[in-house]
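Presented sequentially are two complexes of subunit A, the first with subunit B as partner and the second with subunit C.
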Partner chain A sequence: MSLVIKDLCARVKDGADILKGISLEIPKGRVHAVMGPNGSGKSTLSKVLCGHPDYEVTGGTAELDGQDLLSMSVDERSRAGLFLAFQYPVEVPGVTNANFLRAALQARLPQGETVDAVAFYKELRAKMKQLGMDAKFTARAVNEGFSGGEKKRNDILQMLMLQPSYAILDETDSGLDVDALRIVSDGVNAMRAPFRSFMVITHYKRLLDYIRPDVVHVLYQGRIVRTGGFELVERIEQEGFDFLKD
Partner chain B sequence: MADVPFQPDTRGEFSYPENHKFDAGYGLTEETIDYICDAKGEPDWLRRFRKDALKKFHELPMPYHWAPEGIRDVDFDNIRYYLSHGVPPRKSWDDVPDDVKRTFERLGVPEQERAFLAGVDAQYDSETAYNNMREELSKQGVIFVNSTEGLKEHEDVFRPWFGKVIPVGDNKFSALNHAAFSGGSFIYVPKGVKLKQPLQAYFRINSESMGQFERTLIIADEGAELMYMEGCTAPKFDSATLHSGVVELVALKGAKIQYVTVQNWATNVYNLVIQRGLAMEDAEIRWIDCNLGSKLTMKYPAVVLQGRRARGEVVSISLARDGQDQDTGARMIHAAPETTSNIVAKSISIGKGRASYRGEVNVLKGTPGCRNNTECDALLINADSRTDTYPAITVNGNASAVQHEASVSQVDEEMLFYMQQRGLTRAQAMSLAVNGFINDLVNEFPMEYSVELRRLIDLEMEDSIG
Partner chain C sequence: MHAAHHSTPQLPDRLCEDWRFGAPHKHAAALAQMMRGCTRRGTITVEGADDAPGGWSVHGVRSIGSDALLALHQAAEGVGLYLQHDYAEPITITCETDGVYTPAVYIVARAGVHAHIIERHICRGEHSAMVCARRIVAEEGAQISVELQEEGCGTSRVLNITDITARGACVRHLTTHANHEWAREETTAEALGNAADIQLFSANRLEDSQMLDQHTRQLHSNRGCASNLLYKNVLDGRATAVFAGNIYVAPGAHDTDAYQSNRNMLLSENATMHSLPGLEILADRVRCSHGSASAPMDAEQLFYLLSRGIPRHQAQLLVAEGFLNDVHTRFQAE
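Let's turn to the complex of A and B:
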């Protein structure tokens, strides 16, 4: 059971090629980090895997536990267990956090079953406490008027509630202060399990100090140019990405 | 199988074969009016009144210079002006003709009546089929009848106000309604009587090319309070149908009237409605208006604030999908000092749907201390949608405060992607976004209706996505 990506090529619709043949496999239970300079295609990779309409796949395959990911709609991918913590979480005016999460959980239930409200709120409050979020956030509209850090934290809350089997964290550390970074990382670490994998996209070692990856990939100009262990993180921290140009 | 609770058909996409005793045929002439008067057994004054109105109707121009383009397609000669079973209104559903009874059962009307209503008037094509009110209200002197019976049995109560809030010659469509009116409710609530439960009217069009011209007059005597709700549906026929009602409200000193509309006509109905209320000293009139259906709706509920400290409010939600034009708004005429009004209008345009807000706030001379607040917000879903705002504010004299705020926002692909990434289908995501947009206004509707409204919006969203 794993997320298997083979020779994945994608471009902006009617635009430039961005992913130029990406292959990687993330088995269940593992954390893979994806690093790379700006514009290397990290965010594009996460969006393409989730089916963002701005991109089109021009070649290759992606499978989630043997299912063809690329033929599924955005929401089918989500319900199949794929989660994306957004680099820039989106505001949904007028829809409360609680209602949004409840609708998302409801969408996972078979027809005729409903989310148990009491159990839902109990769990929601517990997860919010875990992330150091004020209880009043349940009644606030999703990300509306939130600070950058609050938005990131809110995305992690959604991940904790939806319990995906594959989670992609796209620069979740950006915009977080040191304390928030630790709390969010603790939340992610608490979710690490043999039946769950993570793809952690980041520029910085500081996040990976908290969420220790099993494997590190370096993405450059739309290709994975290095795969290794934590020593790659340390090299990038010291030298930057210049060594990739050789 | 589990016990499935009864789900009313909120769209009413069905019809029964026509079974009319009276059919005035196509077009509106003096003969049509004679036919209607004879069928209804009306007095001579009303026959003359209708014929005078018909003259005015022919004289007055169509509002082509400002109205939406679609109004040019209204073909008055291709409308049937009076269709009726020829059965007087019944007080028991068991006595209502079978097809009519089955229609209203499918629409959930008797169900709602049992659950939370003080009285119901159910109109089928041109006439009321069922009218009943809880007995204790009759004992308190409340009158709740259809327009024919109102003018016949309670002429002294209704005739003095009939056509006074909206005069015959107000515009072409008021003249049309005065000439051809049939059905609608006449309500009188005596001094100090406060209805705890709403009265409801349901307007149903069952026949092709039908023109429905109901007439409603509600008088709340001093200190009286009531809530009135109207719902409407029609199946979609090949040819267009016309609904052109007139609603007059009179709130005497200290009275309160709330008038709630949930309009869900089929998408080939021209819905051209005039609603106006007169609020005397310390009285309050609220129009709560929701337009989901119809091909073209033109409707601008008005309050004439006639007495000191009178209050007026319009809360409006409209939803325009492909091929729909929702031209709605509000009018507030401040004709006395210290009167206040509030307008909150939200519109949603999907696809090629078009929603416009037309507002008029007029503070007359010599009326200091007036206040108006207007907010109108539009939500656009996809790039073809269109929304327009036409506010007109006139303040004669000073010492009054008027403010207007407008906003336009969009449900864009990023928002939908975000919501879908959490597992919601595209339709669910849109529906949630739209519900979020109108959330604060939906809460203004009575609970039973707000639940219904949310369900309707969900259905419309699912349909829009296909």
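Let's turn to the complex of A and C:
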């Protein structure tokens, strides 16, 4: 059981090729980090896997536990177990966090079943407390007027509530202060389990010090050019990405 | 009850700027014909107010292009609310018809009174119509909110001509429309006296071939008053909406704060929005702005909801509801 990506190629619709043959496999229970300089295709990879309409897959395959991910609609991918914590979480005016999460949980239930409101709010408040979020955020519109850090926490709250099998964290550390980074990382680490895997996209070692990856990939110009262990993180921290040009 | 006019003005046509996009040949003519030829029938009831006398004339209500229809209005029944003390619970006025009905509503809030009024207009019968003249006057220090809820039956027409005067008072006004084939609003709001504050809101979801034609005037005659307008529509199918608003700041009405915002979400390529915001400023030291935006649903917002597993239809519904909820939240929060 794993997320298997083979020779994945994608471009911006009617635009430039971004991904030029990505292959990787993330088995259940593992954390893979994806690093790379700006413009290497990290965020594109995450969005293509989730089915963002701005991108077009021009080749290759992606399978989630043996299911063809690329043939699914965006919402089907999520219900199949895929989750993306966005680099820039979107504001959705007028839709409260609570209603948003209830709708997302309701969509996962068999027809005829409904979310138990009491149990839902109890769990929601517990997860918010775990992330150091004020209870008033349940009634606030999704991400509207939130600070950068609050938006990132809110995405992680959604991940905690939806309990995905595969989570992609796209630069979750950007915009977080030291304390928030620790709290968010603790939340992610608490979700690490043999039946769940993570793809952690980041520029910086500091996040990977908290969320220790099993495997590290380096993406450069739309291709994975290095795969290794934590030593790759150390090297990037010391030398930057210049060594990739050699 | 008698109309104020002795000679009936001409019915609006397409040359009339205030009816330019409102299909007057179809709807104004039909309303006039119905008012001339049919017996007015309907009911008007009031709940929550201890004194609501009937028998009020439409005299003096300012229209925006519909003087002829106002002259034909000749209120079948009118209700007056003369509010002299605070009301903790909302007052509800309900006008209902299955034919043609021409109610008049007159609300006066005495100095310092706090009240919330809900006015429901319900058209039940096929091709039914309601033409309502409304006058709202709030005196020094009064704070009233008036919520107009329009409910149609799919083939009904409604025309609301509303005239608001806030004399050193705070008036909040919200309109919502559901399921009329055609609806038109003409809302004149005048801020007078000491630090009057008028807040105009509207939130509507239109589908099929429904049409909503909204015209507003924010009049500032005295200095130091404020008005704010936020009108939002979600349009689907072949729906059409018109917003034509004007802020008028009279000579000498310095230190005015007046804003106007019209926002529209288009869910269909066949939906049409005509938006004409306007400003006319004849005073100094004012803070005024107007803006309009009409666009499809934000693709990133939709993707965000889809990415959490919410099915497309429901995600679209949530984003559209959220877009309009914003208006209700502001109306309640002010």
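Here is the rule we use: the second predicted complex is superposed on the first by the 246 of 246 C-alpha atoms of A that agree within 3 Å, B and C clash if a C-alpha of one lies under 4 Å from a C-alpha of the other, contacts with A are read in each partner's own complex, and residues count from 1 in each chain.
The criterion applied here is as follows: a residue touches a chain if its C-beta (ideal position, glycine included) is under 8 Å from a C-beta of that chain, and two chains touch if they have at least 3 such contacts.
Remember, predicted model here, so these are calculated numbers, not experimental data.
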Legend entry - subunit B versus subunit C as contact partner of A:F120, first or second or both or neither: neither
Inset, instruction - Determine, under the contact definition given at the top, whether A:Y220 touches first (subunit B), second (subunit C), both, or neither. - result: neither
Inset, instruction - For A:V90, decide between first (touching subunit B), second (touching subunit C), both and neither. - result: both
Legend entry - subunit B versus subunit C as contact partner of A:F230, first or second or both or neither: neither
Inset, instruction - Could you tell me if A:Y210 is touching subunit B, subunit C, both of them or neither one (first, second, both, neither)? - result: neither
Inset, instruction - Considering only touches as defined above, state whether A:C50 meets subunit B (first), subunit C (second), both or neither. - result: both
Inset, instruction - Identify the overlap between the subunit B-contacting and the subunit C-contacting residues of subunit A. - result: 50, 52-53, 73-75, 77-79, 83-84, 86, 89-95, 99-100, 103-104, 107-108, 141, 158, 162
Legend entry - Parts of subunit C lying in touch with subunit A, wherever the complex brings them together: 298-301, 303-312, 314-315, 318-319, 321-326, 329
Inset, instruction - Enumerate the contact residues on subunit A facing subunit C in the complex. - result: 50-53, 73-75, 77-79, 83-84, 86, 89-95, 99-101, 103-104, 107-108, 141-142, 158, 162
Inset, instruction - Show which residues of subunit B lie in contact with subunit A when the two form their complex. - result: 409, 413-415, 417-426, 428-429, 432-433, 435-440
Inset, instruction - State the interface residues of subunit A toward subunit B in the complex, per the touch definition above. - result: 50, 52-54, 73-75, 77-79, 83-84, 86, 89-95, 99-100, 103-104, 107-108, 141, 158, 162
